[in-house]
Amino acid sequence: MTTQTEQPTRSAPPQRADYAHFDQLPTRWADNDQYGHMNNVIHYALFDTAISNWQMSKGIFDATGKLSRMVVVESGCIYHGEAGYPDLIHVGLRLGHLGRSSWRYDLALFRNDDDIAFASGFFAQVNVDAASGRPAPLDQAACAALLTLQMA
Amino acid sequence: MTTQTEQPTRSAPPQRADYAHFDQLPTRWADNDQYGHMNNVIHYALFDTAISNWQMSKGIFDATGKLSRMVVVESGCIYHGEAGYPDLIHVGLRLGHLGRSSWRYDLALFRNDDDIAFASGFFAQVNVDAASGRPAPLDQAACAALLTLQMA
Amino acid sequence: MTTQTEQPTRSAPPQRADYAHFDQLPTRWADNDQYGHMNNVIHYALFDTAISNWQMSKGIFDATGKLSRMVVVESGCIYHGEAGYPDLIHVGLRLGHLGRSSWRYDLALFRNDDDIAFASGFFAQVNVDAASGRPAPLDQAACAALLTLQMA
Amino acid sequence: MTTQTEQPTRSAPPQRADYAHFDQLPTRWADNDQYGHMNNVIHYALFDTAISNWQMSKGIFDATGKLSRMVVVESGCIYHGEAGYPDLIHVGLRLGHLGRSSWRYDLALFRNDDDIAFASGFFAQVNVDAASGRPAPLDQAACAALLTLQMA
């Protein structure tokens, strides 16, 4: 039986102190599926939005995608527990890896005032030139912004 | 800089011959985001639905969740290329791992008639007793069904 | 050519002063479609969530749906203008109609600090007994809560 | 108590014979909300997609939105009954109204092999010049295509 990616070792869910930046995103009624909890797909929509929010707040995100695009090349999520509407989700963000044209955000989701995450994951992105579709080095401003998310 | 999960080695995108079962899922207009391609979150919605469809076709899925629930404990996706509305997505499915109460599906997404996947990923699930919320061994029927997804 | 519903007369978009209660809901990156604005479907997700939030805050909403369900029997939206991620949407809510077992919310969506709505709409709901599936009269607490949304 | 739109008279749900064109759209697992049925918002996503599919099949839809955009100016839905995952939804489409730069689609949703719709609604669209953002007359090809959806 071949495996595309290695089976990860289950680790303890992270805490708020493990993250550099936080965003608060409310849930929507339809985020809950038939099981009465947030559908597993919504976790990624929250990751996606927290990252976009942060990038826009730093001025490093061309949302029109006309010059360059920050494209997701890999993502993943470990589900430690449950949450769902009407919870307010606190999204923790930190830098996981920084390369020349690619980097990785590590994220976690906290339910209301919980200090222990109910989910943790990552988004690996690459900066792509909109015209050529090829990876393009991150400029200095973007690198500097990303480094503010680095944990000691 | 700590990393929650290992940075995966980028591998070649899989082909149709690497999967045991296929489902065809059309895209919806709003699956495309502002970049004009399928938003990275939709890939998971397609994984989720193809798995649910397959489980229901095998009669091993209690969609009401009253007796037992097949809960996602981890998921991930590698984005090899682009697709989006109005593409018809072919979802490939195979068994990645089978334990006593948990297992993993490996999946890939193929755009229209493409033989090379534009995305590949996995869903790790655990069977949970609805009353206790604790992992419960898979019954024989479920194991037998899952083994039909095993590649040689 | 038969028409299912009458073609509404286009009216001026409402203002904040026309609504009794407000909720603030942030947009998500994937709310925007390929046209770079909030997809027309998202307006309903925001209506749906603002109503659920309000109902929960008044304690008149059995989110589990085990006793009774507040089911949507009709909805509609007029799109006066555009909005989208990263806008913060202010949802205005007022009572449009109150019957024995059914009622209607009138809603409007305001973009950030705008005083003129970019969308206005309604949700007509009926209270349904979860066991019988039949309309059931609203209890006094629910009626009293709804009447707080009535404009002079 | 002012009302933005008139309270519609509840009419009998339409049948398949009332529509000129049909599309088949499968449901997704997460289309169901906590109540175990298709969330009221999904109906609009199915309308939206069936219309886009039809427009693309007729070659009258510039999905890039660079030249002109067919923008939704009003939509509505009456919910006659329930449906949801794993149902296959058949979407019925007909022309409701045709003007110079605007028109209305009337739609209905049928669950699997049902002949009676569980939902009916409409999408009013206007053709907008992408550069000026102003309404622009429909060209002859688009008018001719729309008229094929007219019921006797």
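Quick notes on this one:
Think of it as A, B, C and D in the order they're written, each chain with its own count starting at 1.
We take it that a contact is a pair of C-beta atoms (placed from the backbone, for glycine too) under 8 Å apart; a residue touches a chain by one contact, two chains touch by 3 or more.
It should be emphasised that the depicted structure is a prediction, and the values quoted were computed from it without experimental measurement.
Of all residue numbers seen at the chain C-chain D contact, over half occur in both copies; the interface is built from largely matching residues. The chain with its Cα centroid farthest from the Cα centroid of chain A is D. Each of B-D and A-D has its own count of C-beta contacts, and the greater count is at B-D.
Each chain gets one centre point, the mean of its Cα atoms, and the points for chain B and chain D are 30 Å apart. Centres computed as Cα averages put chain C at a distance of 20 Å from chain D. Taking each chain's centre as the average of its CA atoms, chain A and chain D sit 34 Å apart. Residues of chain A in contact with two or more other chains: 29-30, 34, 36, 39, 41, 45, 48, 63-64, 85. Within the complex formed with chain B, the residues of chain D that make contact are 25-26, 28-30, 36, 45-46, 48-49, 52-53, 56, 63-64, 85-86.
For chain A in complex with chain B, the touching residues are 1-8, 11, 14, 34-36, 39-41, 44-45, 48, 63-65, 69, 71-79, 95-97, 104, 106, 120-122, 124, 150-151.
Contact residues on chain C toward chain B in their complex (touch as defined above): 29-30, 32-34, 36, 39, 41, 85.
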